[in-house]
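Below you'll find the structures, each written out as structure tokens.
Two complexes are shown next, each including subunit A; its partner changes from subunit B in the first to subunit C in the second.
Let's turn to the complex of A and B:
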């Protein structure tokens, strides 16, 4: 497959460093805003990192290039992860991250495509991202354009019926240029996905809908990146089931459903940041937490 | 523990008997230690697209050899890769699968060492050169019985492929360490004769013959693909005695050896054992030194 431009590809250890920086930024952003969703944001960081630094053919200088690859964050509540990644990629300035969820700020609790460069779709109402992605992929096929569409879904999101309608149409139109990545952390807002509305076996479901299914460890670049590159040699749409840990990177948030949508308090932030010691960070390293919120 | 795999490349025309050979070799080396990578999986166009473009799978342009190089380099470094899968029954691509490095990695296909960068990867390169007459008989037998073709149709297809075989597959024999030629045996019509050809100046053969006392092997030299080759006719009566010695040297199980003696196609089985023995020797070298060195043999 021809590359539209030659891109510098960072090595795996470099990607790990980037992921740490992004994780640290997420925790600090949410602590400063005193609201947000740390759990789901932290679980998809490695997926976003491999997409933005290795896979996507995008350039911050040309955010509206019609031939760019599209990435849709269907699980819109993980917006802090997207914002931190966009800042690291150069789409938005670092200073914006300080104003997460503030009135008048471009960075709202869920991504807004009209305010933030690099965001392809305003998402947040779960289940709709894949439908948009299918539309984009279909238009690429009609226009004979080479761009590809990547959609990141949550596993709790797969309980939405609209996801499966979109999945059906993607295989009906033989959209080989779409990838659905499912952030399989096993938890949603009210508890374990299997207790609330069981979605297992998830891989078999996607397979039955006519997709190529690849299961990977969602925190291992050695598995993620080959899986994301595999789009070029399948004749069906690709679903990547990334097994992740909710709240990955912060010890007390890992696999804890309480941290789905809760911001860390100042003492908790301090404890969380201990895990990121030595990680280089954005210029304004001081974070003041306004505890009156 | 990281594995430093022994890479074996087997090139040859489709229908030359590569897959059978690979399966039999895997049985001798131990199935749990062998991973086969078929270069057919690296087709870049599926059957419909190939028909639209008008090229055969034998053409390098119909194959994603760049991806193959990348994957083999990663395997050489001990990393696992996600390999495409080409489905022969449908002529399109299936779900990709993970390939984990194993002690032996056998790459078989039409172009396993088409590029020099690919050729340098292998510890052992084999060109599988089946006699046209034999190949013709096999293909006619298979395609008329299983796929409903007439003999004329099969013959026409074979003729159409000849040009691409000559241009893209056969040149690889110049890079091969061993050329295995299967042919109709002179002694009996049902058995297959095997010629085993090696370059005269190959360091392996000197070392191998010396260590195994195979001096009394019948051998003649001929020029082949611009190189002077030693040609060994592998016939059962020549090396029945040596087979036993070899079994003890390369720890090939006695029951496998006795099976070989019973089989009708003895030269073929003998050749398998010879080949497996040599690959095991490379493995032993790698385990000992971490690298195969021929210095003392040259």
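Let's turn to the complex of A and C:
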């Protein structure tokens, strides 16, 4: 199947708009499901927006193109962010978002690659995505293919030992086609990462494991996008520490650990949606879901 | 059919050879190991195809994840370690990254069972079948000898989906013919008999055949079935045999909890209840020792199997006796009851 690049690249102000729509959809779908993880979903929206609208060489028309870039959401509990982004890019119909976490729905609580086009790996149990990414990056080398692999991890997830096994192996195999993005929102279920099990200095750790480390404001496209593009120029695997705000975009959720895995009640949803006033839902063209997935 | 040859060869060695041949035939075959390449025999593949071999070091969890990533991009992946590390240590990784995703990863685990020997309990895998059997989408193959291990490696490669291939360290006699294509999910009857069915897997098949010879000398004809696939379990072959024998003995170099014995017991309970006994590691840890001494210690030799077969048949005979006595007593009770019923005056009849 011919590989087709997304030619349309929105300007930064359009990206802001995309990110707002995605945030609005995240809050709405979690409220509707009355279950899910809003905090960590909202913190990584700008990272996903950068990837899906500016970086990834992917096409919703050819979700299984062997030459496509791969994205793995290793912090699988941010599934609503991924689903809202996939709807926005045309991989899945918007209507699917209404059925998040419902029985029979393709949109499981954590991403299932067998059920959702555009989901490259099933995740949920933390710490496994980077290893899978290393495997995908190795495949590209064996197949002499040019695709790249992007893995999004949570900062709390970096407490998992397997992450460092994977980090070690990526630099050992001299993989230049892999990027790990760490959503550094500073919180995990039980509290602040530094109180629960300190992971600082995070950048120094990745550097010591042989990675090129770039630290950015994870909500600023002007910093995120150039950092993600740096993959073309590095001779090592790239780690991007993206400093973010958990719950970003919903004032009462921001930096509040209580919103890790709690759904907003109707009045809270109403309050949250006020923050998105003026943001309209985009209607995409009829989405044909590739049933071979 | 009985024992083909006393020439001894380990199933892991046959696996190593098969991998090299697979590598020649298919450029998409890749092999991973976790610092045990010499022991698991993936070293043979590593030497011939260094670009398609990855030793991830002592990091089994990463090995499973990397395998999943390679498979997701179209590779046929074999990853190897000792059975205990390739299952217990990475169960969640297998569950999520390989089984849930149904990816084409073959976990070929060597050094299964107590015949690991001198290394002792920490290296003797006695619950790997049990662990993997409970994970959906997994197929479990336990070759009986080197011939079967060689063919099973090809069968696993040709099968689309995750496979657990259980291999042994110890060199064991060959009990199956060479070059016979391996059929996943089809148990093989190696010896026919009418008195008892011995269901065995792995290196216990040889011991089971030895037991059958001993039993034959005592006038008991045992049917020996090689359950080279534990999952999916070939219930049809088992039930067909039980219709003849009405007694089953499972034998495995594995805990009696959750492995072949459990699969046999489940089938018997649900489809064709008969007398049954399980032989294996009886809910305890292994220990250091020579493999042959350990098999004796844990009562997994041909002699032990023959003894247990006789005990089971005797138990069944006694049980039948008790049943018959109880059945005849019960009919007496029945007669008594009806008499009593009839003897109670009906107050309303006046």
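Note that in this section the second predicted complex is superposed on the first by the 275 of 293 C-alpha atoms of A that agree within 3 Å, B and C clash if a C-alpha of one lies under 4 Å from a C-alpha of the other, contacts with A are read in each partner's own complex, and residues count from 1 in each chain.
Here, contacts are C-beta pairs under 8 Å (C-beta built on N, C-alpha and C of every residue); 3 or more make two chains touch, one makes a residue touch a chain.
Quick caveat, the model's predicted, so the values are computed rather than measured.
Peer 1: Using the superposition on subunit A, tell me whether subunit B and subunit C clash or fit.
Peer 2: Once subunit A is superposed (C-alpha atoms), there is room for both subunit B and subunit C without a clash.
Peer 1: Would you sort A:113 into first (subunit B), second (subunit C), both or neither based on which partner it touches?
Peer 2: In the superposition, A:113 contacts subunit C only.
Peer 1: On subunit A, which partner's contacts cover more residues, subunit B's or subunit C's?
Peer 2: Between subunit B and subunit C, the winner on subunit A residue contacts is C.
Peer 1: Quick check on the superposed pair: does A:121 touch subunit B, subunit C, both, or neither? Answer first, second, both or neither.
Peer 2: second
Peer 1: Give one of first, second, both or neither to describe whether A:212 is in contact with subunit B, with subunit C, with both, or with none.
Peer 2: first
Peer 1: According to the stated criteria, A:234 is in contact with first (subunit B), second (subunit C), both, or neither; which is it?
Peer 2: Touch partner of A:234: subunit B, not subunit C.
Peer 1: Quick one: classify A:226 as touching subunit B (first), subunit C (second), both or neither.
Peer 2: In the superposition, A:226 touches subunit B alone.
Peer 1: Subunit B to subunit C: minimum CA distance in the overlay, Å?
Peer 2: For subunit B and subunit C in the superposition, the minimum C-alpha gap reads 20 Å.
Peer 1: Which residues form the common part of the subunit A surface touched by subunit B and by subunit C?
Peer 2: On subunit A, the subunit B and subunit C contacts do not overlap at all.
Peer 1: Looking at the complex, which residues from subunit B come into contact with subunit A?
Peer 2: Touch residues, subunit B against subunit A: 44, 46, 64, 67, 79-82, 84, 92-96.
Peer 1: Please output the residues of subunit C touching subunit A within their complex, sorted ascending.
Peer 2: Those in contact with subunit A are residues 30, 51-52, 54, 56-57, 59, 61-62, 64-75, 92-93, 95-97, 100-102.
Peer 1: Residues of subunit A touching subunit C in their complex?
Peer 2: 66, 70, 112-114, 120-125, 127-140, 142-143, 161-162, 165-166, 168-169, 172-173
Peer 1: With touch defined as at the start, can you tell me which subunit A residues reach subunit B in the complex?
Peer 2: That would be residues 212-214, 222-223, 226-227, 229-230, 233-235 of subunit A.
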